[in-house]
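Two complexes are shown next, each including chain A; its partner changes from chain B in the first to chain C in the second.
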Partner chain A sequence: MVPVLLDLITTAAILYIVSSGLLLVFGVMKLINFAHGGLMTLGGYAAVIATAMGLNPWIGIPLAAIFGGIVGLGMERVVVRSLYNRPLDAILATWGLSIIIGQIITLVFDRGVHFAEPPIRGVISVLGEPYSTYRLILTALALLLGLGLTAALRGTSLGLSTRAVIMNEDLARGLGINSGLVRSITFTLGSGLAAVAGALITPLSSVDPNMGVAWLISAFMLVLVSGSSLFSLAVASVVLGGAQVVVSNYFGSVLGGMTIAVLAAVILRIRPQGFSYE
Partner chain B sequence: MKESMKKISVLLAITALWAGSAVAEDHPIVLGIPVGLSGANSVVAPSVIQATELAVSEINDTGGLLNRKLVVEVADDASGAAGAQKAYDSLVFQKKVDAIIAMETTAARNAGLPIITRGQIPYIYTSFYEGSSCNKYQHIDAWVPQQMVSLMVDYFMKDHGAKTFFLVGSDYAFGRGLLGDTNKYIAEKGGTLVGEEYNPMDATDWTAIVSKIRATNPDAIITSTAAGAPNVTFTKQLRSAGITANYGSYALDEGTAKTLGPDAEGIYLGGTYYTGIESEKNAQFLKALHAKFGEKTETPNELSVPQYDAVHLYALAVKKAGTTDTDAVVKALSEVTFDGPRGPVKMSKQRHAPLTMYLAQVNAQGDTKIIGSYANVDPGEQCPNL
Partner chain C sequence: MSNANVNELGSSSLQRPQVRPLTRMMIVASIALIGVGAAPFFMDAYSVNVLVRSMIYAAIALSVDILWGYLGVLTFGQSAFFAVGAYATALVFTYGGFSAEYAFAALLIGIAVAVALAGLVAFLAFWHGASALYASVITLVLPIIVTQLLFSGGTYTGSSSGLTGFDTIPLSSEAWFWAVGVWLVVLTTVAWMYTRSDAGRLLTAIRENEQRCKYLGLNTSNIKAVIFLICAAIGAIAGWMYANYTMVVAPEIAGFTFGTELLIWVALGGRGTLFGPVIGTIIIDYASAHLQGDFPFVWKLAIGIVFVSVIVALPRGILPLVSNAANWLRGRIGIAQPQQYSQLQLRQASRSGRNIIGVESRGPALVVSGVEKRFGSLEVLSGIDFEATYGEIVSLVGPNGAGKTTLMTCIADGSKRSGGTISIAGHDIAHRPPEECVRLGVGRKFQMANVFDSLTVGECLQIARARLDPLSKWQKSGVCNLPPSAMHVVRATGLHSDLNVPAQVLSHGKKQALELAMVLALEPKVVLLDEPTAGLTKAERTLIGTILTELARTEQLCILLVEHDLDFVREISSRVIVLHQGRIVLNGSVDEVVNSELVKSVYAGSGH
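Entry: the complex of A and B
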């Protein structure tokens, strides 16, 4: 029972880390950033670069944040900004940008798998069960990330402006909030978080030009059922991620792999606002 | 009048010369190479093309075939059935190739075979596969499960005293087929299966399967995951869970093992080709490959070397038959032997080849070391009706 419980918690944590950047962008801009997968891949390669340069593997994570942030800012300035009123076109455009990121990575590196040194190896004992140390660290990081983002939204003036834009952008602009700046900062932050997630999952994932795509699907489903709330996302990660672990355990991984998508569809059918409580 | 006669005769002479040279130059023997330049196989395709080019230039440097040059026509099959149909159609009916030599997925081969049947040309398939693919025009010079399964299972049972096994695969025909055979073989030999689990091909999460492995604590784990990413994600997640049971992989290759770093240490691999094979033929092959491609050399592997062998086998068959005529070449393909980097290969057993199988292990530096070789392993009954 203990291993299943630990699997459940850590899987939810990984899903939360992978989805939070996407949720932030969706919450503020009401657009799904399909370049999220490409940005995750970029972060994975930041870890590869850190390893190749012989740096401490933890350095790969801030490096990923910088890469993702810069690329995200560039994308927002050049492409996404002009598509704010065309959310469907924005999906297409960000998907296109994701392909471009993947192809540039293929050109610089190659199509093959690359090696990134994991920050930590081994297991520690939890209630008598040996369990992967790194997965437990990811759980702690997910908690920190959730609390940190919540604190930033609640406790800073930028957070206040951001929440105002989330609630009613026209009104916020009328009150003198520079909503363009808020969008720009959010997209940069969301992109940085995507890349950080990419770097964080390298010890569990293959680093290749497509690594982000598989994660994008789960992240997309989670954001759809969470709306724009970080807390709903946490609930959704635990419920859907937990369901995936349980189904994989008792009905096989082939069914487990479909759980998140199927459950998300069912939830949205019954309750269109999903886990969002507003 | 005389002047114009002169002109005409000069013109005629030139035309004759041009036409004469055209006969020698214009009639090369054309090999069609459908391969996945895009899609899943695109990682391995460059090495396959290099192996083909090396074999072709070796043959042309020694005078070509039947005094004709050998040339290659490559077509992208997009690593799947739909792409393969287009590739085969264009190779067989537009480019009118003399033979097709293909390292492809099973789906692509199955889509291509009906076109081979219609086009009636010799066909050599060079990827290891699930077995029992039979066609009048087809030969296969790579391994089938019968050759691989006993190698791995016997080693774990005899040398490590393994009794309990856990099988892990990607959910596709080859993964399930190979593990199904393994399952049967383990039962025959008196071993116990404690788990058999599959994950979708594009899955990245192995959490539940790793937990089951930990819970059942097997003596040995055998995997047949899809090449590339699934091998890597599974191995990383298994190792991060601290599981150190014997781990044998049917699908991991030398190059990918290297990119796994310390996580790959101790993994057992089975196959017919590793760069570390200590034979003169392999040394020659590696030297020639590096001489031809220099820094751009792709590491030769389980999929590229059978392709190299197949081009040479085709050349030997054409020489033996004295013609590129299909029936004669297909007959000769079952009779010729090529002594290549993998050892002697002869596709004499119901269109399949008895092969030298190697068992290898990855060391702490990520290098693959051969720990055993088994000559002339029989492919068993594959096409009894051919």
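Entry: the complex of A and C
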């Protein structure tokens, strides 16, 4: 029972880390960034580069943030900016960007699976059961991330501007908030978070040019049922991630693999606003 | 009716264009068929092989184009139906062996399963209130589920390596080329005829403005579902051909990645053009087969870059660019043909029996009793009680935020109110959606002119009549039957000379008039008009006022009007209802209201 419970908590935490960047972009810009998966892949390769250069594996994470941030800023400037009024086209264009990222990675590296040194190995004992230290660290990181993002949104003037843009962009612009800048920063931050998530999951998942795609779908579903609230996302991660762990454990990984997608679709059918309470 | 003896309008006397589009399409299709027949004799075996597959892909791309380009449903899941058709075939042949009967049975099974699956998807994705994004999400979940099911089939479905080594229809590559080529040409021709027919224009209308379609009495969810089912069947047939031809199926063909690849082909070719996606798919897949061997990653990278550029800079795809260039060239060398509009005739509709007010149903046209509307704890309407009879023009007045438009919405959409009952011509609207309220006799005109911008005026009117006069599914009928009331509006406002003009280039006043004519084309009993004169000139306002009073008298319509212009209200109303803070504060004759101290204080902002 204890391992299942720990799996449940840590899976929810991982899903939260993976989805928060996408949620930020969806909340502020009202568009779905399908390059999220590609950016995660990029982050995974940042960890691979850190390993190849013989650096401390933890260095891979800020490296991923830098890669993701720069690429995200470029994508927002060149492509995403012109698609604000065409949300469905934005999905397609960002998917195209994801293809471009994947192909460039394939050209630089190759199609094969790569390996990144995990920052921490081994297990510690939780209530008498040995459990992966790294997954527990990820859980702590997810908590820090959630608290940090919430604090940034509540406590800084940029956060205030961002919340204003989330609530009513036209009004915010009328009040002199530079919503274009808010969008730019949000997309950069969201992309950076995606890449960091990609680097963080390298010890759990193989690193190859398509590693982001499977995560993208889960993150997309979680964001849709969460609306634009970081708290709803936490609830959604626990409920849907938990369901995935339970289903995988008792009914096999094949059914587990579609749990999040199916549950999210059903939840949205019954309650279009999902887990958000507005 | 002054124009009762005029039963035809429009320029029927104009000569027809020299080559009719239908004839031209038949010529194009014949040339394509000859091309399909001759091609294998001029190509190497490898190209023939590749092109068969490319043409199968082109057929599914065509179905994606109908869904996305015409209907506006961005689908990621068409690959799933393709896989259903392919796997049905592979499973039947693997476990039953090949025979002609089994091949036929496999086709039917594939179509049946795909259509059943599509029905489930449509039930989830298309319902009153579902957003476009939600429909896309459902189509995204579909390939994930189908892929997982194929994996979970273990050795039975071949899991991740798929099925291979089964016997299929023994045809040579050339024979497959001819079979698939003919099918593709026929499919494209039929799709072309359908999409440019009157019924096909309805798909565009739904894409542009689904809400307006619902308020025209059309069950858009059903229409979308039917088209989705047909496209699923096309996908399954293509899958059947694919399995028969390639003799191998793998779970990748069901996947989300293949589903998005279809979208890429359609986007590059030109969504909403049919020919663009077909030609685009064939060119891209054929080129991929030749280039992928030498430059696999660079080729895919190039496709990605071109795709992103096209989405950003050329949302209509590459084909429109080519045809524009061709037109420009034709103009330069002097063989330009004048832009041809198909001509449309307006005819007087013979009264359709369904909406005539029978003598027996002479009660009030509209009864509103105890209607409430709350948003959470905020009460927008409370205790609204009133009646209106046929031939009456009732004006709803009150300051901004009094709940006038909300009340209109509650009458036109049964699911909106929080309490109370509303009946139209003696029928309780219960919780019916807008399209069923239209059936009971409600016609609603919105505050902002709400028409189909990319359709012509004539097409807008045809769509408005679609509920009563079924649209032709295979041609442009060139005829639109309008009831006298709508005909009167069209004539009086001069719209009859704009029938072939896209609605988006109309002046604001004419747009308002067009929407009014569309609402009247529904042959309603109760007409809800939300500020029909907002932004009109004095002359236009007077004209609309005259038309409305005439309609109420001659057609015995019950007209409910929201208006801010009290002079206009005074001129045309038979009765005035004053709303303030969600309650009726006065319900009386024009004089009573105009002289009321209460109304003055309400408008001055002080009163309770």
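General remarks:
Assume the second predicted complex is superposed on the first by the 278 of 278 C-alpha atoms of A that agree within 3 Å, B and C clash if a C-alpha of one lies under 4 Å from a C-alpha of the other, contacts with A are read in each partner's own complex, and residues count from 1 in each chain.
Following the convention adopted for this analysis, a residue touches a chain if its C-beta (ideal position, glycine included) is under 8 Å from a C-beta of that chain, and two chains touch if they have at least 3 such contacts.
Fair warning: this is a prediction, and the values are worked out from it, not measured in the lab.
Superposition note: with chain A as the common reference, chain B and chain C are in steric clash.
When both complexes are overlaid on chain A, the residue A:Val123 reaches chain B alone and has no touch with chain C.
By the document's definition of touching, neither partner reaches A:Phe67: not chain B, not chain C. In the superposition on chain A, A:Ser205 contacts chain B only, with no contact to chain C.
By the touch criterion stated above, A:Gly252 is placed in contact with chain B and with chain C alike.
By the touch criterion stated above, A:Phe26 is placed in contact with neither chain B nor chain C. By the touch criterion stated above, A:Tyr16 is placed in contact with neither chain B nor chain C. In the superposition on chain A, A:Phe187 makes contact with neither chain B nor chain C. Shared-chain residue A:Ala261: touches chain C; no touch with chain B. Residues 252, 254, 257 of chain A contact both chain B in one complex and chain C in the other.
Against chain B, in their complex, chain A makes its touches with residues 3-4, 7, 10-11, 110-115, 117-118, 121-123, 130-135, 203-208, 210-211, 214-215, 244-245, 248-249, 252-254, 256-257. Chain contact summary for the complex, chain A toward chain C: residues 32, 79, 82-83, 86-89, 91-93, 95-97, 99-100, 103-104, 106-107, 213, 217, 220-221, 224, 252, 254-255, 257-258, 261-262, 264-265, 268-269, 272.
Contact residues of chain C toward chain A in the complex are 74, 124, 129-134, 136-138, 140-141, 144-145, 148-149, 151-152, 256-257, 260, 263-264, 267, 297-298, 300-301, 303-305, 307-308, 311-312, 315.
Taken together, the chain B residues at the contact with chain A in this complex read 42-43, 171, 197-200, 202-209, 211-212, 214-215, 228-233, 236-237, 239-242, 255-256, 258-262.
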